[in-house]
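Supplied in structure tokens, the structure appears directly below.
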Amino acid sequence: MTARTAVFVAVALGIAAGACTYLSDEPTPFRPPGVTSDVNAEQRGLELYERDCAWCHGSAGEGTSFGPDLNGPLDGGAYTHFMLATGQMPLEDPEKRAAPASPRYEAADIDAIVRHVETFGGTGPGVPTPSPAAGDIAEGAELYLDNCAACHSSTAVGGALTSGEVVPDLDGVSPVVVAEAMLVGPGCPNTSRTCGPGEGAMPRFELDERSVNSILRYIEYLQRPIDEGGAPIGRVGPVAEGAVALGVGVVALLLLARWIGTRTGDRE
Amino acid sequence: MTDAARGGARGSRSERERAGVSLPGREEPPFQDRIGAWLDERLHLSRFARQALDKVFPDHWSFMFGEIALYSFVVLVLTGVFLAFFFEPSLTPTTYEGPYEPLRGLEMSDAYASTLRLSFEVRAGLVMRQTHHWAALVFIGSIVVHLCRVFFTGAFRRPREINWVIGVTMLLLALLNGFTGYSLPDDLLSGTGLRIMYSVILSVPLLGPWAAFLLFGGEFPAEQILGRLFVLHIFLVPVILGALLGAHLALVWHQKHTQFPEPGHTEANVVGSRLWPTYALKSVGLFFLVAAVLTGLGGLVQINPVWLYGPFDPSQVTSPAQPDWYLGWLEGALRLFPNWEIRAFGFEIPEPFFPAVLVPGITFAVLYAWPFLERLMTKDQAEHHLLDRPRDRPVRTAFGAGTLTFYASLFAAASNDLVAHWFELDIETVTWFFRVLVLVLPPAVALLTFLVCRALRDAGDVRLTHLPLSSVWRPRARSTHR
Amino acid sequence: MSTSTKGAGAVAAAFGASVLASAGLAIVYIAGGSPPIEGALLLVALGGIGAGLVLWAKRFLPVGDDVQEREPLPSTPDERARASDSFGAGADLVARRRLLVRLAAAALGALGIAALFPIRSLGRAPGGALFHTRWRAGVRAVDASGTPVQAASITTGTVVTVFPEGHVGAADSQTLLIGLGPGVYRPVAGREDWAPEGVVGYSKICTHVGCPVGLYQPSEHLLFCPCHQSAFDVLAGARPVAGPAARPLPQLPLTIDAAGYVVARGDFPEPVGPGFWDRGRD
């Protein structure tokens, strides 16, 4: 009964909020993505934004009680592209945690939304155009170990942080997204309505273009490193190695000892 | 026999001719007799050789755990010698110019550069290196399994206390040599481990700063430490280990092996197979099987890819950062122990002293003392050659199971960051979970073990799966004997 | 057991496989080597010999039927007495020269003590090394490549590892500069002017066991050590808030010079890194 009442109240509030939005210039209410009709090709960015983003961030990126504004000093193309390309946005429910997932839009749609958000008041960097091939891999290794390995691991497998935060692994992450992360410092825990770029779990790194390209080149290498010595067993180091040594090596030898010590024809 | 051998020293010619004549249709005595005679004339070997070849070894499979450790050590020495031909134990900076492109042109130590060379340029070098590392992990693993077998069957009781003490010393040295070897390549992961070891030594009350500075040669990171680790790793510790290994085996030989109680097995005999040929073939076969498993791992499963970790730099760090498994219990203790420090009269006992010095100190003190502690408790002064079944000694078995659970929990806690990452949990929550686990699980396991062992013992020859549940938990009054 | 040839096939197959694998190893080596192939071939080459020997023993050799008597380990009382007498007689002869015994003991003891002195050669005296770093008043902060750091480049949410100029890589002097942005720094009493323009500097060496505290989370303003999971509150003097670390990270007093570079106002006010016995000494 209570659940039913709650649903009823929620639906009623939703309808009321929708009506208000329709009548006034308030942000559009929560509408799950994909439930409305196809969007106009010319105004793709605007319509996708209005459909999927505006109900939390406001029609002009001014923010609502559901989500932060998009007009800060670090907001702009890079941050928007990062959040969309890593599948952290859009959220189906503003109470959900923004977590990396496969992107919800085609690349062209993402670019369209990014172009629309760039018309707002954010003064942050635009989408970078890095070229890892122009970087120096050894220089990248050194910079990566200096700046990235502490959290993302020297083998790029990611790790744990405090407060339940998790450092993502870098497998399959595109160079553009990595460059954006360095520019804006993402990883906002959306427990806070006000947290924006530069206040996430990841610090920002203001590096010159060559350094960024070098780091990206080394990360590309780490995504497909030289596993000269055989099965890489996760590249997490001694924990996996110990599991194999004990679970495979020692166990195999104990079984062999058992075989040696058993008489042919014995019961055991 | 003795007289004949002595006689051989003087009138050897005629003795041998007589032996040869006794074999019909042969001009010359068999090959082994000619070699044997040559040696016997000089060393008086025949009596020993006959006793040795006829020596009986019990056949139980659990008696081979120590052999697995022994043969892992042999593999360690063989591969280690090969590695030592190429490794340069020096922290002198050099610029890498080798074939591994991602690090070419970077500054690194000779130690790290020579490890890269060993891995990428020396043909078969990487298999040797990886086999060496796997062998180290399996070596200590099999020592621990062997220790458990000896403990739970009471094989340490009189007259074998000396061999227990030697064995515990070898475990300690194996841990030490594992750590020094792990630290040699001077990569980012092992360098961090060395940094922690320096800080742990520094934490010892009164002596810490001096001990750390004398061992490392100065404040961390001191240049001298790598050469010293190398000498410890390839010379001092292995030589002591080898000598103790000889003593360990000599005592087993001299005192003869224990055996499980079975029909025909008594305190006054040994039942099994003769050294020659049965036991020799099996044991040499085991050596080759150990070598097969270790080299198989060495080629097929990558271990310690130092080229991915990068050269050590004291201002860099990688995460996750764990030591090799055998130090996992210490790492876990370091992660779990609360941030308590003692500061009084202008002096302080830093936090790491408790988990990283006191915990291993107590661990090894109890290990060394166990045979004597148990004798104090049981008042058992008798000589034992027949082993206990663990179920017949509920108190000892429960203590052992509880202790193992304690160290296993600490060991698991050393992966708290990986647990938090993989299961997306809050790391502080995971740490608190392990803090509780380490204190609660061991007594629970010990109690359960005690109850089950007591029920099994009192039920006679019953398998665990056939034990009625009602017999496990009984009021104290019905437990009549210990 | 029997001497029949039944079961010999498996033994022969094991040895045969080993021969082939060893030949394969030689070929792989000549061809340039490949760790996985080498590993697989070694497994067969060594495992074949091992399995062959064990199978041989299990199938064709007598197992477990031999009995050997144990000789008693303790000697007879008579033997023991004679050993004791042999030692005792000799000891009496030696002990008769009491003065010589004492002098010999003194000589050995003195030699033992003299032999301890070279231990001192192993390393420097700790002295003040643990109490000071290379930071001095007026020294500029430089990054890992030796470039001086502009205060303006440490914007909110950025973090950079710095060293005193001229001592890049000095392990005890590694320091984190963190951009906090305006208005959030809550200084410890007496450190009000140590973080100009929201740039704060802390020793990067964990006070637990000295790992670099490399992980900065701007969202929580926490520094986090990847080794043993200590966390430090950057806003409140790097006070430890979780994990085994018991003391805050020492703070480096900073200022900004006329050219806009970050400059130290002196050394850390306390020893950096893990604790030790006489850390409280001045």
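Going in written order, the chains are labelled A, B and C, and every chain counts its residues from 1.
The criterion applied here is as follows: a residue touches a chain if its C-beta (ideal position, glycine included) is under 8 Å from a C-beta of that chain, and two chains touch if they have at least 3 such contacts.
Everything quoted here is computed from the prediction, not taken from an experiment.
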Original post:
What chain sits nearest the middle when you go by CA atom centres?
Top reply: C
Original post:
Out of B-C and A-C, which chain pair has the most contact pairs?
Top reply: B-C
Original post:
Taking each chain's centre as the mean position of its Cα atoms, how many Å separate chain A from chain B?
Top reply: 44
Subject >> Separation of mean Cα positions, chain C and chain B [Å, integer] >> reply: 19
Subject >> chain A and chain C, separation of their C-alpha mean positions in angstrom >> reply: 35
Original post:
Residues of chain A that touch two or more other chains: which are they?
Top reply: 146, 149-151, 159-163, 228-230, 259-260, 263
Original post:
Using the touch rule from the top of the page, what residues of chain B touch 2 or more other chains?
Top reply: 59, 126, 130, 282, 285-286, 289-290, 293, 297, 299-301, 313, 315-321, 417, 427-428
Original post:
At which residue positions does chain C touch at least two other chains?
Top reply: 35-36, 39, 54, 58, 63-64, 144, 161, 212, 214-215, 226, 229, 242
Original post:
Hey, which residues of chain C end up touching chain B in the complex?
Top reply: 29, 32-33, 35-47, 49-54, 56-58, 61-70, 73, 119-120, 122-126, 129-130, 144, 161, 163, 169, 171-172, 174, 204, 208-212, 214-215, 226-230, 240, 242-247, 273-281
Original post:
Along chain C, where are the residues that touch chain A in the complex?
Top reply: 35-36, 39, 54, 58-59, 63-64, 144, 153, 155-159, 161, 212, 214-220, 222, 224, 226, 229, 231, 242
Original post:
How about chain B: which of its residues touch chain A in the complex?
Top reply: 59-65, 67-68, 100-106, 119-120, 126, 130, 133-134, 137-138, 141-142, 145, 188-189, 282, 285-286, 289-290, 293-294, 297, 299-305, 307-310, 313, 315-325, 328, 414-415, 417-418, 420-421, 424-429
Subject >> Complex contacts: residues of chain A adjacent to chain C >> reply: 146, 149-151, 159-163, 165, 185, 187-189, 192, 195, 198-206, 228-230, 259-260, 263-264
Original post:
Okay, in this complex, where on chain B does chain C touch?
Top reply: 54-56, 59, 123-124, 126-127, 130, 159, 192, 195-196, 198-200, 202-210, 212-222, 224, 255-256, 264, 267-274, 277-278, 281-282, 284-293, 295-301, 313-321, 334-341, 343, 346-352, 355-356, 383, 385, 416-417, 427-428, 431
